[in-house]
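Next, two complexes with subunit A in common: one pairs it with subunit B, the other with subunit C.
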Partner chain A sequence: MSAVAAKPQAGGAMNPTAMAVGVVMLLIILALCWYVSPGAGLMALVGVIIGGVLIGFGTHFVPVGGAPAAMGQAPGIATGVAMLAAGAGLAGLFGGAWAAEQGLVVATITGGVGGGLMMAITCMMVNFVYVFGMGIPAASGKVLYDPITGDSQKEFKSQGTEGHGLPFVSFVGGVIGGFLAGAGGTIIYLQLLSLYEATLPAVMGLPPAQVIPIAVAAAGMFAVGLFLVNAVLTAYNITGTIEGPHDPKFKRWPRAIVASAVASALCGFVAILIVAI
Partner chain B sequence: MEQIVFGIGITALTGALATIAGSAEDTESNIGSQGDPNSQVQLAPQMGFVHRIFNKAIAGEPPAYGLWCALGAGLAWAFMAMQINAVLAIVLGCVLAVLVQGVYATTAYLGRTASLAKFGQPVYVDILKSMTSVTMAHAFIAIFCTVTLCHLINGALGHPFPLPLLGLIWGIALGAAGSATGNPYYGKERQYQNQKFGAGVPISASGNIVRYAEAGERNSLDNGWFTAKIGGSASGVCFGLIVFLEIWRTILFEKISAGWGAIIVGILMILIFTVIDRYIEVWARKNYGPYTEAKVAS
Partner chain C sequence: MSVKIEVIEGGIPHQKIMIGGLVSTLVCLYLTYLNVLTNTEMFAFFGGLAMITALIWGSHTIKVLCSYGIGTGVPSAGMIAFGSGVIAMLLATKFGMAAPIVALVLAAVIGFILGYISNNILNMKIPAMVQALTEMAVVGALSLMGFAALITGGFTFAGLTTGEVSMLGMTVSSNQISFIGGGLIAVAFLLGAIAIQHPFNACLGPGWKQDRMLMLTAECGFLSMIVAAFMSFALISAGSAIISLIIAILGWAYTYNQYICLSKRDAAAWLDAKPIPDMEGL
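On to the complex of A and B.
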């Protein structure tokens, strides 16, 4: 059996002890934040955790085939899962940050739609290249029938491959993943921005108008950093490739939720400490 | 009204710059084998297929372009803070970023190829000399266009993010779009030109990349020439659409219904691309047909 065809045996199982340890770590970080900055800091940290969890969960939807997909040996987009999710999410963050003045709800959805739009264009262009550039139809290697359209998949797989291109369910998964990642990143940015705008004038001894560029830049950098942290955690969870929500690896998401929550809490706590101490 | 017309003009310009950036990025990464097909370039000598293909893949395209565009944008921003003309500042910033890219490409090629010495793969100094300068030229176009569009977004359209952060964000998005769209065309259609058209590469053929050209041995300039026609163009269209539509919906529709206008237009565009994608998928199934007869489940 080749490396591509091999099904991951270890790594799929949930470890209740590790998940319990993760939850305890999360509670400890929340308690530390409450001790250091009980009001605005704690609220910002909760927002950061929610955003991080959305990014981690959303990345599971993004269909990424890695190197085998670049040779038409496996379905998905031919790049790294963390990089693609970050690209989509950051495109969403760009839109969400632009709409920050419209309020949390509108900005978050704007960010989500930005991420979803980036993925929709990318997934469409991937199928365009496969079909019109390489003459290869889309076929899933993980299911016999597309869960959304009901199209049969097996006979459209070329010989010696695990499938290729993006079946419709993978396209939809990509859009959902981009939406969640874009929305999550925007929530992180907005929470940190409001915290920095409120606290930086006192910390730096400057008028509020002068700290806004610093607050925007710092919140944006932390949002980008948290994107990469959560996307890479998910990449480990799915061992590098996934076809989308129909892939058996998708069922591993609870583990990534806990890991993303703990990692986001720790990173968010550091982001809060720079203005809380 | 004047504000909107100005915004549309800037949006069109950013879209055009993004299209050029996407095309140059994919061609640059294909010449350098920086996308996922680098695995085959690295694998080939281990399977006994010594080649003259350039390989500088020590990072994925998104983080590499995130670095170079952030570097170009950051340096341009610093030069502008020194009261240097914006056009000159962007050019200088991008030139310095491209020098970093050149150092990266050189060390990456030497490191990756030297690690294959035990399989008999030589380090070709002529390849290093001729390929590195070409990747640098393409990288300059991609970085310059991306930094310029970031400057327009920041300076003319008033996005709150500072220029270096915009460079990082759009650099990563550029790499993501370029690698997603362009990699299959380089990996399947060029590296495995000896395999059947209209089918994926059988896993058993891994490593057996095409090593000979019409005359002599194939090198990465041939690959850049080939992939620029479809892979590069498609990557350019992909990144151009992403940048143009994202800014266009914001500029024109953000003021409608307190931001909901841009959201609704964004959702409508997602639905339009969904319909197009489904059409392409069904068209391929009907026109190309299955590889094997479908078996009816009993």
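On to the complex of A and C.
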């Protein structure tokens, strides 16, 4: 099967009707959540939506090369969007979970730094392998000059390829994307954790100290589930490969914002129902 | 409109696999309820069988979806299946006896909305998308429930969050030693997600054959079941865990042999290269 040759013809077009339906669905879910759990539940859901949108938006920055990149025929890291976003986000989520007791701001930034650090290390080692292992320079195929350094790209691009390696702008994009995705994953985890820690003792009829393992594991699992849903939906939006923030496909982000918001609201609402009913 | 780029037909139609997979998964899940009726944990292995039948159905759904060349790689389909499935499954466990049915309905609703989002808001426009994502969320939820039943012997929220720990001869109830509290659910999540996406990823191409791919799914499922059966020693009685382990090992050995036979059948030629060479003079 040549998935490379026959990409879906999704294109960058927006579908205004579907976007409107998405916003209406979002409002309906928020109203349902307000009906079921007006105080803490609604606050947690808003936090989950913000986290989900951060993941969806951040994933667009990550340079994803897919199979062509593994052969040095396209720029980016040689794997899929879902894998990279999950890697960066989960690294951030674990980082943020360590700092959960330090408060929302410190934990979120720690999560972001964890995700950004993971992407920075990945991008550096990828370029290491490209330059010293495969012997190819970093060159973008989508722009003539690097938007940040101003370096000319055309001379370094091999004929018949879409570029190769990780140009500087892709590297920076990867770090920004990892930061946003890690922070988003941490926000989701923290919101669900504080909700569960507050409500699970009453729901299960146990002392607060005993429910902590349940609260941590359930919040963590919901965060991972939400993370993967958002990452894959963003992958569907990008349809394959993206070079970073300078890629024309980056302009598709408004669709991903709506999609991530609706999907996070839906999954977050289900996660809140577990303590609300 | 994207073009379906793979024209491999033949084998059992997808509708039949879907109905068969759904019915046998639900039946196997409810057979674990015999644990409650007979007050034992011997029937936990039915959870593993439920997981395997769900995975077989799911891997064929992935084949239907990924035949359109979604451009994001086959593993992403397995990830969204379990990502949306775990959310539905965790809520459904609150409903006691009705949990598998609730998981089915809830996962179908979540999957349908995710399908609408990807097809219309994200403009994928793939005909099989909505149905495939609906099925995949159901598969994710039911196979996680199968893992839960295999490891703990039940699928209710109380059973998944409490365990017993022996300390100095006394048995104390603890939330740390449990399927959810101990984090076993995370291992089950990835065991299932890898088992569901690997078969089509490994078998795709012009030489794709349905029976070979489904046999590989069963093999991956039994392999995951072996690991899960080891984990179940922590939460159910050793005798019941050994039953699960023996069934898993026998099933894995059979399906692995069958898969090798089917691979040899479909190969143009094969050479037994013997990865571990025979030592001379021994």
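Basically, the second predicted complex is superposed on the first by the 267 of 277 C-alpha atoms of A that agree within 3 Å, B and C clash if a C-alpha of one lies under 4 Å from a C-alpha of the other, contacts with A are read in each partner's own complex, and residues count from 1 in each chain.
Please note the rule applied: a contact is a pair of C-beta atoms (placed from the backbone, for glycine too) under 8 Å apart; a residue touches a chain by one contact, two chains touch by 3 or more.
Keep in mind the model is a prediction, meaning the values are calculated, not measured.
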Once subunit A from each complex is brought into register, does subunit C clash with subunit B or fit beside it? clash
Check whether A:263 is in contact with subunit B, with subunit C, with both or with neither, and answer first, second, both or neither. second
Please work out whether A:202 is in contact with subunit B alone, subunit C alone, both, or neither, and reply first, second, both or neither. neither
Per-residue touch tally on subunit A - higher for subunit B or for subunit C: B
Counting only touches as set out at the top, which of subunit B and subunit C does A:217 meet: first, second, both, neither? both
After the superposition on A, what does A:130 contact: first (subunit B), second (subunit C), both or neither? first
State whether A:28 touches subunit B only (first), subunit C only (second), both chains, or neither. neither
Between subunit B (first) and subunit C (second), which does A:86 come into contact with in this model arrangement: first, second, both, or neither? both
Residues of subunit A that sit at the subunit B interface in one complex and at the subunit C interface in the other, please. 2, 5, 66, 79-80, 83, 86, 213, 217, 220-221, 224
Give the list of subunit A residues in touch with subunit C in this complex. 1-3, 5-11, 13-15, 17-19, 21-22, 25, 66, 79-83, 86, 204, 206, 210-211, 213-214, 217-218, 220-222, 224-229, 231-233, 235-240, 255-256, 258-259, 262-263, 266-267, 270-271, 273-274, 277
Which residues of subunit A touch subunit B in the complex? 2, 4-5, 66-73, 77-80, 83-84, 86-88, 90-91, 93-95, 97-100, 102-103, 106-107, 109-110, 113-114, 116-118, 120-138, 149, 151-152, 154-168, 171-172, 175, 213, 216-217, 220-221, 224
Which stretch or stretches of subunit C touch subunit A in the complex? 1-3, 5-6, 67-73, 75-77, 79-80, 82-88, 90-91, 94, 106, 110, 113-114, 116-118, 120-126, 161, 174-176, 178, 180-183, 185-186, 189, 204-206
Interfacial residue positions of subunit B with respect to subunit A in the complex: 35-40, 60-63, 159-162, 165-166, 168-170, 172-173, 175-177, 179-189, 191-192, 197-206, 230-231, 234-235, 237-238, 241-242, 245-246, 250, 254, 258-260, 262-263, 266-267, 269-270, 273-274, 276-278, 280-281, 283-285, 288, 290-295
